[in-house]
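Presented below is the structure to which this report refers.
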Amino acid sequence: MKKTDTLRSDIAWSSLDKIVVHGNDLVNDLMGKVNFGDMAFLSVARRLPSPQESAVFNAMLVTLVEHGLVPSTLAARMTHAGAPEAMQASVAAGLLGLGSVFVGSTKNAANMLQQAWRSAPAGASATELAQAIVAEHRVARQIIPGIGHPVHRNGDPRARKLFELAQANGFHGKHVELMVAVADAAHAATGKHLPVNATGAIGALCCEMDLGLDVAGGIGIMARAVGLVGHIMEESHQPMALQIWNRVDEEATEHMKHA
Amino acid sequence: MKKTDTLRSDIAWSSLDKIVVHGNDLVNDLMGKVNFGDMAFLSVARRLPSPQESAVFNAMLVTLVEHGLVPSTLAARMTHAGAPEAMQASVAAGLLGLGSVFVGSTKNAANMLQQAWRSAPAGASATELAQAIVAEHRVARQIIPGIGHPVHRNGDPRARKLFELAQANGFHGKHVELMVAVADAAHAATGKHLPVNATGAIGALCCEMDLGLDVAGGIGIMARAVGLVGHIMEESHQPMALQIWNRVDEEATEHMKHA
Amino acid sequence: MKKTDTLRSDIAWSSLDKIVVHGNDLVNDLMGKVNFGDMAFLSVARRLPSPQESAVFNAMLVTLVEHGLVPSTLAARMTHAGAPEAMQASVAAGLLGLGSVFVGSTKNAANMLQQAWRSAPAGASATELAQAIVAEHRVARQIIPGIGHPVHRNGDPRARKLFELAQANGFHGKHVELMVAVADAAHAATGKHLPVNATGAIGALCCEMDLGLDVAGGIGIMARAVGLVGHIMEESHQPMALQIWNRVDEEATEHMKHA
Amino acid sequence: MKKTDTLRSDIAWSSLDKIVVHGNDLVNDLMGKVNFGDMAFLSVARRLPSPQESAVFNAMLVTLVEHGLVPSTLAARMTHAGAPEAMQASVAAGLLGLGSVFVGSTKNAANMLQQAWRSAPAGASATELAQAIVAEHRVARQIIPGIGHPVHRNGDPRARKLFELAQANGFHGKHVELMVAVADAAHAATGKHLPVNATGAIGALCCEMDLGLDVAGGIGIMARAVGLVGHIMEESHQPMALQIWNRVDEEATEHMKHA
């Protein structure tokens, strides 16, 4: 058997009296010593965070836990109505909608920022890169990831706070700068107010913290799994799924009944 | 429309410049102030934890994030092999196996402890209740939730640590006591060493912290979603799914090829 | 290695020029010769159906494909709104709600009928068994699976048709008889009209065709996967998910905005 | 409320004594009259198939039901090991891997064929278009969808059979022609034998039958849901998931135990 054919994982192992996760003794080094967000950092970065990384990464996760009633929480509640005995199925149903439209933009924003700096001509400024990004997206009639919000039109307060925390912890850098410059360039080009939103800020911070594009996608999934458990708990004692079903079915099929 | 027919959620709302989660201003009260585990506590308890609750609840979550290569992480990796573009689908596939066999035992343990104390005759001791629990399960030939472990036969170090942290933070009480007594009674009745395991400890602590049975089930889901992201990231740069597939297919279908 | 430790599947294998499924050459024996319902029968019964079995089994599947707008189709549509690029994720989200409340009743009905005849005293009639079933469920305050329907109060036309087809194809027997007797006994005991519904009829027919309880559960899953694809296709060109979201969010969170 | 804000579905409705699916009375027009494959056609084409369409569409579905032990069936079996009580969750887990790698190629093949003919210069032949397709994919270093197979290197017998059935039923046309020409051109350009595979044939037939790209993706999902139920039934009486888990865990983590 060739070496490449062997199975290998470097995440965790256990023995009679010990569990080791990325080189850390779970019981003696992690439980009671690090918080859940640090453990999430360990899962994706394969090392524990510095205090500064811990502060910013926990804030990024906290930002995305709860969005109220959105399509993914409604999918979870609908699933609960049919399978209340299987909470894991409802959470999974809720996660399945975290695709290109909502959560995908975090990864897309990170990718846009990373690519722009990687292929930037020597001496290019964030402003110049941002103008090029906006121009390219307009020509291709593509949505620019990470900017604009249907509710927080005057600026997404979560993005502002994340950038503040990044500054305070040493993670303000060229990717944050470029993200802000993209929002400004989009405003200048369109006349519309398109502030950096939470996914844009998190995408930029994933770049500053050198976490990679997969983490930019994974953060939303980890955070929403937490929020979905809360929604399913509310649905179980204060349900809305069946009422929504009845209303939707009645309205959407009425035209056929009278055909 | 009757009041019961209206839709109502008490979790979160947002306006032009504000997002409120269970009464807390997300940007000013939560981001940068509470950690991801505290946010998980807020999601399920609908209030922020005390420092003691935060310590124990974060430790419970940290305990369950990572179990190495288990059926649920393998399901996630198999899914990634077919749909690498959809990380949310791989995490969801991994969560779907968190049913009665593995994670369900946390909820079952919590339920067993709660029921026993609720229906206990006045003055009954934990030892007496434990003996009755063990006897009932043996008659019904049912597995007792929360005890025994295939690897950690001399005691699950995670359970010991969780009980230590509970003690240090004021959450040692009659449910922990009963869980330990059940393990002792099972040992006495069967001669087998069946120590309290991590799910038993977490089930007992959910009772001590008054978190309810749904939380006992939800904790494992929240924690594993985090660990699954880490497994999918490893699978994407150091894959094993296709190699496992090839080996399994070859071995399991060979008998038909020669029939 | 012990025999029980080897991996073995008896479903399918392939070679350079051949694919064999449960002993049938896929290309020469199945494609173009059997229909999709027969293939479903082959998957669960591990043999091809007789013409009579084919007629009834196809009808059972056809019955369950489409239920219009129900919680599971709404979960699928909500998922599509977030991840339109991953149709498999939307179908999966829709399937996840096929738990105890809606589809589970097919399996429960089949189980109820099978158990009743297995433990019946010699010479017991369907009427007697039905009365005992109804009495037991009323004492335990449990819902009797397979009877009653919120819309088809005068009798579920699908159940009538399935029983007709069963009769015409030689599958009318004691399980169908008992299912009908249960509906009659429930009517007599409660005064309410509780006719056999589609899940009750399908559960009874799974018993008559000797297909086992897992098939009773699996039929609904296979059929609904087909219907869900149709709903996602409609959602992609005539969407409702975002409109439902907006309405629900507005109504359900308004009370907090004025608090 | 604007017209676009109303909810509307045209799939199905029901009343006291009737269920109507895409204009057909379920009980009187469909049950016992059409097979499961015809019902699948109705779901995606919104009309019943002609006898010729029925023959080819059923064969397309039959082709994709069963692929033996592949990553998606292994994901389903792994899920069953943890949640045997929730068959729907195991089927869903299996479907989640039907993404870009395996099933996605059907849709990609259909798209490639459709685009090529749509943008073809007047008088272009299938051979010319095929050469252009192959050249473009080689320049972009992209895999050409619909050709090549790791096992059926001398030609995928399913593709041959599907094209035969298409010919016999009047669905041989320019898309089938182009798919075959692409395989020939790829062979000429690379020297490798890259015959049309099952997904290429099904993609081409979706174009010939005017079913649209979403159907090309949906066929695989509908068919695999059926096959997955069969795998879960086998897993429940002849399990392999736990044995695979034990082997994988032992091999893949051994290097850490000796570190």
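Letters A, B, C and D mark the chains in the order given here, with residues in each chain numbered from 1 onward.
The criterion applied here is as follows: a contact is a pair of C-beta atoms (placed from the backbone, for glycine too) under 8 Å apart; a residue touches a chain by one contact, two chains touch by 3 or more.
All values reported here derive from a predicted model rather than from experimental measurement.
Asker: Count the C-beta pairs in contact for B-C and for A-B, then report the pair with the higher count.
Answerer: Looking at contacts between chains, A-B has the larger number.
Asker: I need the rotation angle between the copies chain A and chain C from a CA superposition, between 0 and 180°, in steps of 5.
Answerer: In short, 180 degrees.
Asker: Between chain A and chain C, what is the gap in Å from one C-alpha centre to the other?
Answerer: 37
Asker: Give, as an integer number of Å, the spacing between the C-alpha centres of chain C and chain B.
Answerer: One centre to the other, that is 31 Å.
Asker: Using mean CA coordinates as chain centres, what's the gap between chain A and chain B in Å?
Answerer: One centre to the other, that is 23 Å.
Asker: Indicate the residues of chain B shared as contacts by at least two other chains.
Answerer: Only 7-10, 12-13, 15, 68-69, 83, 85-86, 88-89, 92-93, 96-99, 103, 240, 244, 248, 252-253 qualify.
Asker: Which of the residues in chain A end up touching chain B in this complex?
Answerer: Residues of chain A touching chain B: 5, 7-19, 21, 26-28, 30-32, 34-40, 43-44, 46, 55, 58-59, 61-63, 65-69, 86-89, 91-93, 95-99, 103, 151-155, 157-158, 160-162, 164-165, 212, 214-215, 217-218, 221-223, 225-227, 229-234, 236, 238, 240, 243-244.
Asker: Quick check: in the complex, which residue numbers of chain B touch chain C?
Answerer: 6-10, 12-13, 15, 20, 83, 85-86, 88-89, 92, 96, 248, 251-253, 255-257
Asker: For a test of understanding, state which residues of chain A touch chain C in their complex under the given definition.
Answerer: Residues of chain A touching chain C: 68-72, 74-76, 78-86, 89-90, 92-93, 96-103, 240-242, 244-245, 248-249, 252-253.
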